[in-house]
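Okay, got some structures for you below.
Two complexes follow with chain A in common, the first pairing it with chain B and the second with chain C.
Moving on, here comes the complex of A and B:
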């Protein structure tokens, strides 16, 4: 059996465990389930996001990029869940435009913002690049588009490109650095890049060792990949 | 239809720090108590064990411990002439929800106010004259002194097992402690935490400049501790998942780790979670509370009659419930009349970020209150007359965490993404330190709370409306102390430094501090306060209002130590005096 398939099986097992725990302890303690399917994006949307996260976090010799680290899968799963529909947020109207320091006032949930902006981006790319999609463009062109969205200088038809960029950047960083149970930070690529040991939860033996590297590799809530290899 | 329940002796609204302190005192005095909590039950073993607690996305980013704004939020504006809009996502401050309240996800900083903080107005006039106080500033003396509260500060610290180093024992200055603190009867129950590299460098630089660094007093315990109720707390493991998280080690003082195990064994206490109080009910005179009306998680309404009502919710909810219940005169900012909602205050926080090339700090080794502090530019430690401001700040290097979704500083000018961002993040994650100045906040006429005229909650009740901006006095103070903070930072020898001063307008988006206070201030006169020195309503003598809502302005210090001490002080007045002869205590 391939190691990747093994990991998928273990993820399923940990999801089942979570449900058992939840049945005993109530919803407050339910660990977020590790969703198996890629449930929100269409194939074209997924290709665009995979390309974009690889420009926001490009691969280099030392560390994988956003694509290999699973940032697009992370975003996909987040958008399919309660976060994607702003389940916990105050979403009552009226949605008036305020001053910036009053905070975001949009009626768009994250899921709707992605859907709307990705459609607009697809239209923009087809018009500007002779029918090509974002994912087919050379990296320099992808960067130019992302910089334009970031600066607010590139306007998408019928979508707020700047707000979309800010959301995409925030979600990409979440995916790169969140616990791997959410589908990103694959093989703890983000944590390894900075040297974050994850969920070790006990540094009593190291607090007084000043200016010395921490010696142990990272662990996540579901352990480490090495723990899941066949004996 | 509202169904009426059997009467009880006392009803408690909100089951966090102050609610549990009251529940403990009142059941010990023989009362039957009903506690009503809007959020869910939370306890360590089931809600945040080590297997699930250290999850940055779930707790620090998505806010799983926080009050969902879908349940309740506020509207916000900077000034009276603006249209307030709802806070749809918490940012600047983070109210908790559920059993333990914000005392579950706090950092643990356990401060006492200084003696001069309690006499802020009169001490300022005595030192600098009446005209030194700007005319729109509504700062006032507390109706209680440091000396009166000292035994109750002590009581709260020994309830929590607070780790720290005394600086003033009965008037004798102690080496290694805060020489500017008020005299304490005895030392902290547990010694300070072990300091990692960052706070140590900060303290060395500060001491070299003639300042007086000391370890931050905190409820992350340096060693196991058994409190006076026999509840055992564990040792902090420096896990770096403290603020915004529950502690899986039983090592952070919280209502759960200090009081809940006692209260679950008191048959006189009945706890109802998932139940939200809609209003406090008063009789036809309006001078006496007869109980509360609440709605349960099935949408059914209940009236719980009680002889005594303890309003122990988060400060925003305390003020809102007073307004929704028609208790006390609402503050009218244009006329300057009324008291409920008056004297809202915040804190004025600024920061300095240092970048090094030759040192590593392991920022993930952290605890909520793991830091070294300099208090030389606070209160009356120094002559702030020439600088032209009232107040001050404590300065710190706090090793609280290195959780990488949020804690990955890069030097100014670094792009936010792409190859250059990646290289700088990989390099500086372990080579950067943040310094913070936590500054005071003056109450003033333009900062207040009232009910929003348009936006409503899920039950159709008006949201609280907050009107707030930083007073120019506080920005002058912040400018001054941030320069001092940068001076210490420079002495620590970084290769690069970024200074983040606090500017107006106040912005509800970026996290600053959850220390929102006031709106139901305690005071000596009913014209300028909502509750008396025992936190008893001036208008309804069988109603007590506890928590940060009682602060007449905000000091620089984290408020939980004072909130806990005031709760014990009020509980002592109720059990010692009020229950024998119910009626006004002041």
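Moving on, here comes the complex of A and C:
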């Protein structure tokens, strides 16, 4: 059998699988998830992620950074839950090298990819910075490392640094903009920054009011602080 | 030859008269909404077996198709009349007032006979129903003899010559076959109507049926005759939508009645004396309740509780919202609701349930706000009441 034929067969099989999975999943209407009891990260991992998300979304005068907005907590809870276990993905071989449009094809769950990459990053930092951890480095050095991972020019021992950076960046943005019930977007900081009013249903009263700020504060699935003010 | 023609003519006339009576009986059975209780979910119409929850236990409705073995095929006209107007079925079996014979007793004999003619015209359905399902001691039907003596006032409706034809027709339907008070009148500890508070609102199966007197806050004061007719005809009128048990009443009964009869019922209800309301000052509205209302309710019900005609009920001035007992309100917020779907208004607008989105404190706060804003005034519900409704709405 020619290699092209094999690849095409794999492609067909995987598209069929994708269709089946899409049909099974249906529209998601799950109740709000409870916070996972046990955190996923070790103390050192948590410190590294908290430092990294604050470099990916640094704080400024108007908006808190990734750390204060809870992105690290969001990622921790996601990795401790079904996402971290790839619970909704088909995770059996063969694991072919996919084309970019096919998305991640890693045999590793996100939890294992974080664990592996964070261990490699810790080793790298201890070797390169005289035993220091990532979180202890000055911001400029942290940026240098993150840029190196992003460009693929900095190689981590035993982990795909570029893929890890892409994963971390995506999860950080998810944590910054997802509903606060998932642990990130604390005080709806991400929504306030972009002016997103949250889970509101209807804007008929405002549709015709052009070039005026929308007056209502953002609201999440579990409400907003004003819901619990005393009478 | 002439004799045969005369016989044929007689038979035709006779048949026509019977057909007329059956048609009239079908209409009157629709007024009484017999089909609602006497049909099990998914079961054959009128074949009984629907569970009816009462404070004394759960009953099952009887099979009233003309099946001889399991239905009422063996009943004479007189036996049927005695059951409906005196509450005693053949064999001296006393009926529970879950079958509203205390109302049907107001109906005229020819109307009861017409209903019987209609039921006899149906196809018999064999469906044995165990109607004696109440727990001890309520399974002793002879107890109903005492109940009847204490609470049952038999007697046909008498027209009031001082009132016009519409008022009298409306009263005949409301107080008789329509049995509005079965839900809209409060019950005493024995399950009998508190007649002094007739049609002032009642609690049944975890629903508050609002008052039907023209009282300002808890009744029909804001309603017009046209609004009431539209509500009963289409399920939507007066800024309100029929939902819960009333949606079923509209779908199966009132939407099929003549305009003359609906108008008569509205005339009668709006002309009755208004319930004397205790003056209630609006309770302070919690800021939290206002915030929740703005975020979760205002999109449909409007910033000022004004609603949208035919789609979203108005909360401002609503008798359900200001009911003395907040059960219906709590229940609708928890479970959501669906309005009646009728030929005239087939959509059946729906509201989602908020049981998983709002906690007890939040629901109590938003209901306190709704019950005391825009001119509304009524006691704020307590979070514990919400918790109880979560467990067992009935």
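As a convention for this text, the second predicted complex is superposed on the first by the 190 of 231 C-alpha atoms of A that agree within 3 Å, B and C clash if a C-alpha of one lies under 4 Å from a C-alpha of the other, contacts with A are read in each partner's own complex, and residues count from 1 in each chain.
The rule we apply is simple: contacts are C-beta pairs under 8 Å (C-beta built on N, C-alpha and C of every residue); 3 or more make two chains touch, one makes a residue touch a chain.
Because the structure is a prediction, the values reported are computed rather than measured.
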Touched partner set for A:227, first chain B, second chain C, both or neither: second
Which of chain B and chain C A:104 touches, first, second, both or neither: first
Chain B versus chain C as contact partner of A:216, first or second or both or neither: second
Partner chain(s) touched by A:151 [first = chain B, second = chain C, both, neither]: neither
Touched partner set for A:128, first chain B, second chain C, both or neither: neither
Touched partner set for A:173, first chain B, second chain C, both or neither: first
Overlap of chain C and chain B interfaces on chain A (superposed complexes): 31-32, 200-202, 204, 221
Chain A to chain B touching residues, read off their complex: 24-29, 31-32, 55-58, 60, 62-63, 83, 87-92, 94, 96, 98-105, 143, 146, 150, 169, 172-174, 177-179, 182, 190-191, 193-204, 206-208, 210-214, 221
Contact set on chain B toward chain A in their complex: 40-42, 46-58, 61-63, 68-70, 73, 76-78, 82-89, 91, 98, 193-197, 200, 235, 237-241, 248-249, 359-362, 364-365, 402-405, 408, 416-419, 422-423, 425-426, 429-430, 454-456, 505-509
Interfacial residue positions of chain C with respect to chain A in the complex: 284, 286-289, 291-292, 294-296, 299-300, 303, 356-357, 361-362, 365
Residue numbers on chain A that touch chain C, as the complex places them: 31-32, 200-202, 204-205, 216, 219, 221, 223-224, 226-231
